[in-house]
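Pasting a structure below so you can have a look.
By written order: A, B and C. Residues from 1 in each chain.
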Amino acid sequence: MTLLALDPQTQLGQPLVLGIIEGSVYGLIALGLVLLYKSNRIFNFAQAEFGTIAALTAYFGYNGSLFGIPWHMPWLVAVFVGILLGTLSAVLTERLVIRPLFHQPKVIMVVGTVGVLLASIAVEYLVFPTKDTASLPSVTDVGLTDPAFRVGFAGYNVAWEQVLTLFVLIAMALGAAAFFRYSRQGTAILAVSQEPTAAATVGISISRVSLLTWTLAGFLGSVAGIVSIGGAPLLVPGIMTGTALVGGITAAVLGGVTSMPGAFVGGLLVGLVHQYTQAFFSFPGAQNVMVGLVLLIVLLSFPRGLLGSET
Amino acid sequence: MSVLEVSDLSIRFGGLQALQDLTLTVNEFEIVGLIGPNGAGKTTAFNCITGFYKPDTGRVVYRGTDVTRTPPHKKAAMGFGRTFQNVGMVKSSTVLENLKTAQHARVRYDVASALLGGSRVATEERALAAKADAILELLGLTEVRDLRVGGLSYGTLKLLELGCALATEPDVLLLDEPSSGMGPEESHQLGERLLDLRKAFGLTMLLIEHHVPLVLSVCDYVYVLNFGRLLAEGRPSVIQTHPEVVAAYLGGEAPEALAATEETPEEAALDEATAVPAPRKQPVAKKAAAKKSPASSAPAKKAPAKKAAS
Amino acid sequence: MTAVAQAGTQPGTETVVAGSHWRLSGTGIAARGLAYLGLAVVLFLPWFATDFSKTCSLAVIYALMGLSLNIVVGYTGQLSLGHQGFLGLGALVTANVVFQAHLPIWLAMAFGVLATTAVALVLGLVALRITGLYLSLITLVFGSAISSSLFALARFTDNNSGVKISRPSYLADNGDWYLVCVAVLLVIFYLDYRLTVSKVGRALLALKENERVAEAFGIGVTAYKLLAFALSGAIAGLAGGLYAFRGELYSEKDFQDPNGFTLALLFVVMCVVGGLGNRLGVVVAGLFFGLINELLDDLFYWHAVRSWMQHVPLLGSYYDSDVKASYLASLIGALLLLQTLIFNRGGLGAQLRPIARWMTGHRFELHDEGGSGPAAVEGSSVRA
């Protein structure tokens, strides 16, 4: 991933490609947020942090030494373990925090996820000693893909690794769509989100569905973290929250909070706004300001988001 | 003099014409009933009159002033008191706090002095509490003064809500199903109470009511809504036998209720006296004469408040 | 009346009689006087220690931020995740007015308050249209956008080197500035108390619970929501001014992510752990979280602990690395937050209530069912 490694070219193609890739990461996080919104009617402020947990674990599994043990796992294994741990942290969140707050006002549950976020960052700092600058290598760095490969696109040379990233992100989004359309668990989740009482009467366990939803959301967040952090020069605790939480929530809201295609479209929109702002404006914080403006305008003119249907 | 004049009020929600060309008049010291089957648009009419909804067309005139677009809190300050179908009170506060909150528009200190404090604010706060106590005493609810609203029974709440509406020092009271949650005995008492309150405070009232005997016993004039349109209007005795009204209520519990009113001989006597549909002016004039005492004692409206304050 | 009879038989609704026919004895008055004296002495003690009093100033500033956020979260029921933006804006304006216009310190702080109040009003206007989860998102974006853009402009940061200002000579000592902070906190505490016992507090509570009922009672939604945001912004701006002069430096890094975001979350933690809507609890929580960093740091550098830590099998390898006390502090904060949410929704405020009631001349009672001022908040609502 070379999100931050900009080529000197300023063609329109570069922000387009980078924007789509960055936006897909937001889209993936937004997808998890939409899922949780559907099942619990909350925003999960810890959603992006599952990704940091996954990336940190993967890094330390690959070339770090943790608890005094040099693990040196193969890259793919380390990434797998990372995603597993990221997902596990979402499961723990559901069991330890969301479950006890099930019948509390929503604001309490939202503050609960804020607590989880704060705790995660603190635990990351205490467990992973990132004294030296840590960085999770990308697919190319570990030699899984050919670094010389380039595809020309609108005046920008797209690296093989970026193509792969995009492929993974789109595959995830399509997989999620297929899961909800065709699998029994997927339809159960949708049923509970739309008619909790009716779903309970036909024998769907709300408790199990909630756990399943959080597992899925954790998985999506973890993959987003690995994809977004892999190859980036800096890996520190809280990094995903810092770089992708606002983008992800904004994407979810732009898409209408309950619409999964909407979340992805919202993600792309945020990514493109980010990249084009970076290409054309140079004042500090331009990207944040621009995304904030887009959010404000959309919320004020379409209170239910661009693709939102449910109230 | 007409206190409230509503003309050609219409509002549409999406594809649903919730209210169409509603025209009604409420005169000074009258108690006017607004009845109709469920979903007829009664509460919508209330919300338009009190400013919670902005009607698409039509006008609401209060004592000669057009108040169609006046926001609800300003209307409350002008003298519109209202209750809600599902009790409108602050549930996490105590009864006393609610009655003090309801006097918001009458509080005579501004935000700055509220923050700074001082003897004037303290005096005013004591006056608010005293008035709240006076209202509780009037309703016979002094015992619940320091209880949280959340834990009280529905019937008590409906009565307390009426108390809160009174605490806003209304000129015209709009009551949304004041007798809901009450048995026949209690709602009969409520009717008496409403008549007493009118006398004591010189109030004008518009009420939505399902309990037909109550409507027939207290209302001077009745409007019947059906599917957002005015179906009929007239004196209660006329409405009672109106064929279209009876038809509109068919299937509900109302026909028996309508019939049940024959039990009160007084009303029956009154019915015979005005069996011929009379133009509205007449009964009003008669009422005005009959209710001379509240009219002449208009200053008395302020009296209870003063007494409470001292 | 039957209605009353029914009300009387409702479970759990005993009438409150505490203190109604009970008078303070002379000993009681003396005991309370001593308690107040003790409190005053404790508040004054840091004045003697120059270094420690600087930390204590920060704690007081956090307590002020707690009161500021409490108005939005506790009284209006909306969650703000961008209050570090107001703190930073107050610091920025105050520091730059002193640095660039050479105005006196108090005037500069007034400008800081004006600026934050104005921005808070704009946010309040947004809050009229957008509520609940969406509003918390807007505040989150607001905090990160304003800190990464406006705060970082070279104009306001003395070309990115940080704006250095100094306190007037009569307040040069950290201890003196600490006393100024305490004085401001006491004034704001009083104003907040007045707010809750007057029509303003009643109006805000009614608005939070049910806007329609509030309007029927003659309470203007627009005016009171804006008032709440303006007050919150003003307090935060004041805190920002105190903050700038505490370190005699304005540096945008303090308010920018990730520091800024952590700060915003810390303020939320303070409010919840203190007890939503509970002034005293929030202040105590603010002081606690302002001090905990320093206290933990001291603990960490305590020699005995240090040598002991190195012998612990797993932790030993970390101790020499960059583990800072602040991370431990935020873990403690997060755990306190979660335990408050799950087990003890009243927060610190509920625990302190018997003491607070005793101090204000009531009988000491552990189980107090009354005392339902507008500040007593049982769970707020965010509409989405």
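Keep in mind that, in the parts below, a residue touches a chain if its C-beta (ideal position, glycine included) is under 8 Å from a C-beta of that chain, and two chains touch if they have at least 3 such contacts.
Because the structure is a prediction, the values reported are computed rather than measured.
Set against the Cα centre of chain C, the chain with the most distant centre is B.
Measuring from the average of all protein CA coordinates, the nearest chain centre is that of C.
Centre-to-centre spacing of chain B and chain C amounts to 44 Å, using the average Cα coordinate of each chain. The distance from the centre of chain A to the centre of chain B, each centre being the mean of the chain's C-alpha atoms, comes to 55 Å.
Note on chain placement: the centre of chain A and the centre of chain C lie 32 Å apart, centres being C-alpha means.
Chain B contributes residues 50-52, 71-74, 76-77, 81-82, 84, 88-94, 97, 100-102, 104-107, 109, 111, 114-117, 121, 125, 140-141, 143-148, 151-153, 155-156, 159, 164-165, 168, 185-186 to its touches with chain C in the complex. Per the touch definition, chain C reaches chain A in the complex via residues 77, 79, 81, 126, 129-130, 132-134, 136-138, 140-142, 144-145, 147-150, 152-153, 257-258, 261-262, 265-266, 268-269, 272, 313-314, 317-318, 321-324, 327-328, 330-331, 333-335, 337-338, 341-342, 345, 379-382, 384. Every residue of chain C that touches chain B in the complex is listed here, in rising order: 1-4, 6-8, 10-13, 15-16, 190-191, 194-195, 197-200, 202-203, 205-206, 209-210, 212-221, 227, 370, 372-374, 376-378. Listing the residues of chain A that touch chain C in their complex gives 41-43, 45, 67-68, 96-97, 100-101, 104-108, 110-112, 114-119, 121-123, 125-126, 129-131, 238, 241-242, 246, 249-250, 253, 257, 283-286, 288-289, 291-292, 295-296, 299-300, 303.
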